[in-house]
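Some structures to go through are shown next.
Shared between the two complexes below is chain A, which has chain B as its partner in the first and chain C in the second.
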Partner chain A sequence: MSAWVNKWRGALGKTSRNTDAPFIAIRETRATSPFWVMVQKEFGDHIRSWRFVILLGIVTLACIGSLYTAVTALKDGAQTVGGDANFLFLSMFTVSSNGLPNFLTFLSFLAPLIGIAIGFDAVNSERSKGTLSRVMSQPVHRDDFLVAKFVAGLLLIAVVVFSLGFLVMGTGLITIGYPPTPEEFGRVIVMLLITTVYVGLWLNLSLLFSVRFKQAATSALSGIAVWIFFLVFYGMIVNLVGNALMPSDPSDVQGYMDAQNLLTLLSRISPAQLFQEAASTLLLPDVRTLNPFVTQEQAYLAISSPLSFGQSTLLVWPHIVALIAETSLSFAATYLLFMRQEIRSRS
Partner chain B sequence: MKKLTKPLSGALVLTLLLGALLGGASLAAAAPLLKLFTPYTYLSVSPGEKLNYSIDVINDSDEIRTADVSFDTGSLGWTYELTAGGNRVRQISVKPGESQMLSLSLTVPLEVNKGDYSFKLNAGEFGSLPIKVNVAEQGSYKSELSVDQPNREGHADSKFTYSLTLDNRTASKQQYALTSEAPAGWYVRFSVSGSNVTSVDVEPGSSKSISLDVTPAQSAPADTYPIVVHAASGSTSAQAQVEAAITGSYGLELTTADERLSADITAGKTRNLELVVKNTGSAEITDVSLSGQLPANWEVTFEPKTIRSVAAGQSVPVTATVKASDKALAGDYVANLTASSPEKTASAMFRVTVETSMLWGWIGVLIVLVVAAGIYGLFRKYGRR
Partner chain C sequence: MTTIEAAEPVIQLKNLSKTYGEFTAVDRLNLNIYPGEIFGLLGPNGAGKTTTILMMLGLTEPVSGEAIVCGVDATRNPMQVKRKVGYMPDDVGFYEDRSALDNLVYTARLNRIPEPEAKSRAMTLLERVGLAEAAHKRTGTFSRGMRQRLGLADVLIKNPRVIILDEPTLGIDPEGVRELLALIRDLSRNEGLTVLLSSHHLHQVQQICDRVGLFVQGKLIASGDIDTLSRQLDGSPAYRIELDVSPWSESLLTALRGVEGVTDVQLKDGAEPAEGAQQGAGIVTVAVSGTSDVTAELAQAAISSGASLFGLRPLRYGLDDIYHRYFEGGEKRERLG
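Let's turn to the complex of A and B:
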């Protein structure tokens, strides 16, 4: 971390003429200002850390595994469930064989780990090493420190997610042999953006824990606990609630539907569920609704045909908004908590 | 003198006898030695017919009598044949107390006037037998084309079939060329025993049945169309007229002004479709009412709701206002719009793409903006200490 501070000081030296200048002058040179230096430093630290290399290895292996299943399934001529032959390229992300999970499932399961691993010791380790107070003694804004942590993490996540996405697309090109249409490409890009936001949410959560808990281990454990809760237990809890809510009378269609709708609403609190629904809807253009029920009235005279890109996006727009809002809110909470904390030289 | 008077008196008697024979059968009391008898002396026939008489020559005397027989057609020149025992005969002998039979066949010519005609069968010195023939109708020397049922009715897209009979009432074999005068665009075909023909050969005195197939022009308006048919040979010709009464064809088409059968609609909103009701037939279509089969909870109204009449070949614009159910799923639905009249029904299948309302999209944007504003507020509050 001393290297961190040294580099930072060097950068500060470059902008030292601004230290006595009025506030506005500092803002003008912000692009090369301490904030971006911090972002760069943070980014570099992550890339070079063993933790990240191991995580990246795990995630990449998982993706290659899912890619392999997708390629096998496609070579066997498998059709995706509810898929369309016109969107063969997209099925690279959604098909699977031999019971192995597909790319999306892997992503929704493992991608949060990247976020948690990047963020869980972001603040509290600096604090325990005493580097936080040293940074803060420099003429940087206090919030820049936290925002730099977040932005660096998000950039890293974006790089990873997009690399994986393009890896799959490249393999798809080799396997299928024809390029994606602009629409398919757009769908994949939007899906990758949603993935970035989703992982950003986990990054923010772990940042929150790292601000809240003094011990890095505690914060890591809390992050992993939340992760396991949403990915493993939350579904079970929703099922339990569902069993309790289901009307005993099997002929009570309205009650059954109400209960089912409530369950859907509950399960959508989980960001993992939101992400999966949003991403899979974007990658399966034939999905026309995300409601658990399609009423007879809605199905009457409907033709099964893929939705346009815009309509698919509009269909999952609430999910995207919810993901962005959840991410923003957890960031706001982190921010609030961090700004209210005291920073001492050695606590 | 006696020798002289004898033939004289004989001639006198003969003259008397002849006079008696010409005068009436009642005078036959002065019986000659050889008598001619046939039961039907006055027959009524049609032109072209052939009459067969059998004539008994009776010998009442006690010696063999021989008579010269001939037939006298006067100036008429009808053809005849006088035979006995299968051969032509000019003289006949009859044993005493016996009779011989003569056959006379007389052909009535085709070209003959209506009326009575008298002939004589002469038996030389034994007198003659008068025969009268009544020609009941005006004879002709011509061809005749007749139609069994000259008037037929049908739609413009049906086929009219008439059966014609061509009679050759001339004395020689004729080859007739068949032509017709039909309106433009009509297709007329002659056929004899299943094969299409343009000319027919007809033996004299016989007839041939010809069938006439008429295919009307596709857009022939309702009317009665006369078609004149000619059969002409070198020397004679005949013509007949048939009628095709067309009730007109009914054709109805429902489409849009630009022939596009797809539309976008936002869930819960309305959309106008510019329809066109087109009468593609040749008859007027009346009382066209418009209806639609749409997904559940969708509504459609038409302006106008009904069309009183659409003239042949004309089209009437109709505006259909479709309102999608606010619970419609995004994606494609089928809407089936129908224009129906008592005569014909037409429908158009629309592919309606439902789009989700942008309202919630903007609300989502608003939520994101509110959150962003909240964070900005936090920045302002805590950011620069």
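Let's turn to the complex of A and C:
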């Protein structure tokens, strides 16, 4: 473990020294380190694969669909409903009409799918094809292999998410002819970053399953099961718990609030909930708080205007940290599992 | 056979043990392999051959003991060992949607060989293993024999000092096996590579190995070259000679038994020669065991006792016999215990 930490340090040191000429630096080093060779290869494999083409197709469809929804809604005069006309550009990502899903809904739905699709057979397919033991017998750290899988996947996800975001922004710009302010642009960028982290979490979970299960199908299924669990059942369970916890005495305000706070906390264990709240807060500057309760003083003293970009980010900062923490946790589990496994050919 | 044993061993296993729960895969193994030799690790499936190999590469940690490869402790410094040792797993796999060349270049780059050099080296090696025409074909289309040959090229691309081949001949047709073994032998002889190969195909290993080690239930029960091994067989004759004689008679039997050094005379079909059931005409094959080479004396004895000698074959113990005998012994021991 310390070996790759040191190597990372080395790599970081190298890049910071050569920040002005990174490409020349790469060419100058006699041979790229095995870690980056693996990342390159993984990335190349993803790009060439059929599954990437299919994912790209779905994503493009989602992009066109959400744009269609947004433009129809905006034409119908949704800007008066959707919020401040100041944030017309942002509403392109959030408004919907006739029950059609908007961009954010598409994203929260597709993100886990992308993550699972990229990671579910990362380790077990190498194992079953007999390439894992061959690669491991090269002078390569065992953890480098896993980290390379993750980094390559995350890079790919970042590329997909950002190109999707920019595509919607660009096409929207052409269609509605209303340019974004720098603040709006910043909000979208941060939202896309959060999306990348969120997809990264799902990638990590599916990596975990691909280490744990020898069959790619089992691993894909477990990934999808977890996804459906958080999408459908987790909310139900939280509600169930909530109903049981609610104080029977309706005048018990403190008890009521405690129960509600606990519920919020519980529901925020779900990465889907975290992402939903974080992304919508960023895209809807009108959201002033994510707490279910606002005291009278707070409501009375609040200025009735949208939050600034910085304040919105501050509001969702805990969500971002929680998402990163969950990602790290599942990576740690994957790491532990992988390091303890014995590598034999095809087993 | 050769005098390589004088040198410092390349692979040194000292009291190496590995257990999986209750099961002991490798039991206090001691083994030295010397530079330039071809060592065959022989044993039935599940004898612990692959586990031993994995411990040599630091891919699995031993419970006790140490594996020193090229002077480096494989458990503590697997990276240094893996730089010097090429390992071909049994049923080697490649990235199927990449070409053979890509696969080799990838391995080379994992060994920090710059890409241009990796490419030229890969092409040379592909030519050497006879896959030059298939260099740009996807490895998914390769046959088993081609995969093994590509595996050999893959092992060699990092310029190793030692190559370890796990069941290299498994599942290849006889001609492919012959070519592969010739290639391995050539590498060892011309480039001084130390080769360790594991197998349960005795005949193939017999052809090329300088020394073999017999591995049963995690223990190395014998090692040495084939002559030594055959002599190590306790209570068994070192020399066997088969004679085709006619006619068979009691006097012939006594004559053969009378030759100095002969310990046993048996009819080939298993019947006791003393029964005399086959007395009469017809060619009879007798197997004679002796403590020294008595071939010439036997021929003389047969002829002087009035029989015609049709054939005379001194038999060397093949690995097969050795292997079989050891396994019989092993089973007996188990039954007794």
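The rule we apply is simple: the second predicted complex is superposed on the first by the 311 of 347 C-alpha atoms of A that agree within 3 Å, B and C clash if a C-alpha of one lies under 4 Å from a C-alpha of the other, contacts with A are read in each partner's own complex, and residues count from 1 in each chain.
The rule is short, and it goes like this: a residue touches a chain if its C-beta (ideal position, glycine included) is under 8 Å from a C-beta of that chain, and two chains touch if they have at least 3 such contacts.
From a predicted model like this one, the values you see are computed outputs, not experimental measurements.
Undergrad: After the alignment on chain A, I want to confirm one thing: do chain B and chain C clash, or do they fit together?
TA: The answer is fit.
Undergrad: Looking at the overlay, what does A:H141 touch: chain B (first), chain C (second), both, or neither?
TA: both
Undergrad: Of the partners chain B and chain C, which touch A:S270 in the superposed model: first, second, both, neither?
TA: Neither partner.
Undergrad: Touching A:S328 in the superposition: chain B (first), chain C (second), both, neither?
TA: A:S328: touches chain B, not chain C.
Undergrad: Of chain B and chain C, which one touches more residues of chain A?
TA: Counting residues of chain A touched by each partner, the higher count goes to B.
Undergrad: I'd like to know which partner A:K41 touches here: chain B for first, chain C for second, both or neither.
TA: In the superposition, A:K41 touches chain C alone.
Undergrad: After the superposition on A, what does A:T72 contact: first (chain B), second (chain C), both or neither?
TA: In the superposition, A:T72 contacts neither chain B nor chain C.
Undergrad: Touch test for A:S33: chain B only (first), chain C only (second), both, or neither?
TA: It touches chain C, and chain B stays clear.
Undergrad: Of the two partner chains, chain B (first) and chain C (second), which one does A:T181 touch, if any: first, second, both, or neither?
TA: Once the two structures are laid over each other on A, A:T181 reaches no partner at all.
Undergrad: Touch test for A:Q296: chain B only (first), chain C only (second), both, or neither?
TA: Touch status of A:Q296: first partner only.
Undergrad: What's the minimum Cα gap, in whole angstrom, linking chain B and chain C in the superposed view?
TA: 6
Undergrad: Intersection of chain A residues contacting chain B with those contacting chain C?
TA: Of chain A, residues 141 contact chain B in one complex and chain C in the other.
Undergrad: Can you tell me which positions in chain C touch chain A when the two form their complex?
TA: 50, 54, 57, 59-60, 79-80, 82-83, 85-97, 106-107, 109-115, 151, 154, 158, 166
Undergrad: If we count contacts the way the header does, which residues on chain B are in touch with chain A in the complex?
TA: Within the complex, chain B contacts chain A at residues 293-297, 325, 327-336, 351, 353, 355-356, 358, 360-361, 364-365, 367-368, 371-372, 374-375, 378-379, 382-385.
Undergrad: Which of the residues in chain A end up touching chain B in this complex?
TA: Against chain B, chain A makes touches at 141-143, 288-289, 294-298, 300-303, 305-308, 310-311, 314-315, 317-318, 320-321, 324-325, 328-329, 331-332, 335-336, 339-340.
Undergrad: Within their complex, state which residues of chain A touch chain C.
TA: Spelled out, the residues of chain A in touch with chain C are 30-34, 37-38, 41, 45, 48, 129-131, 133-141, 342-346.
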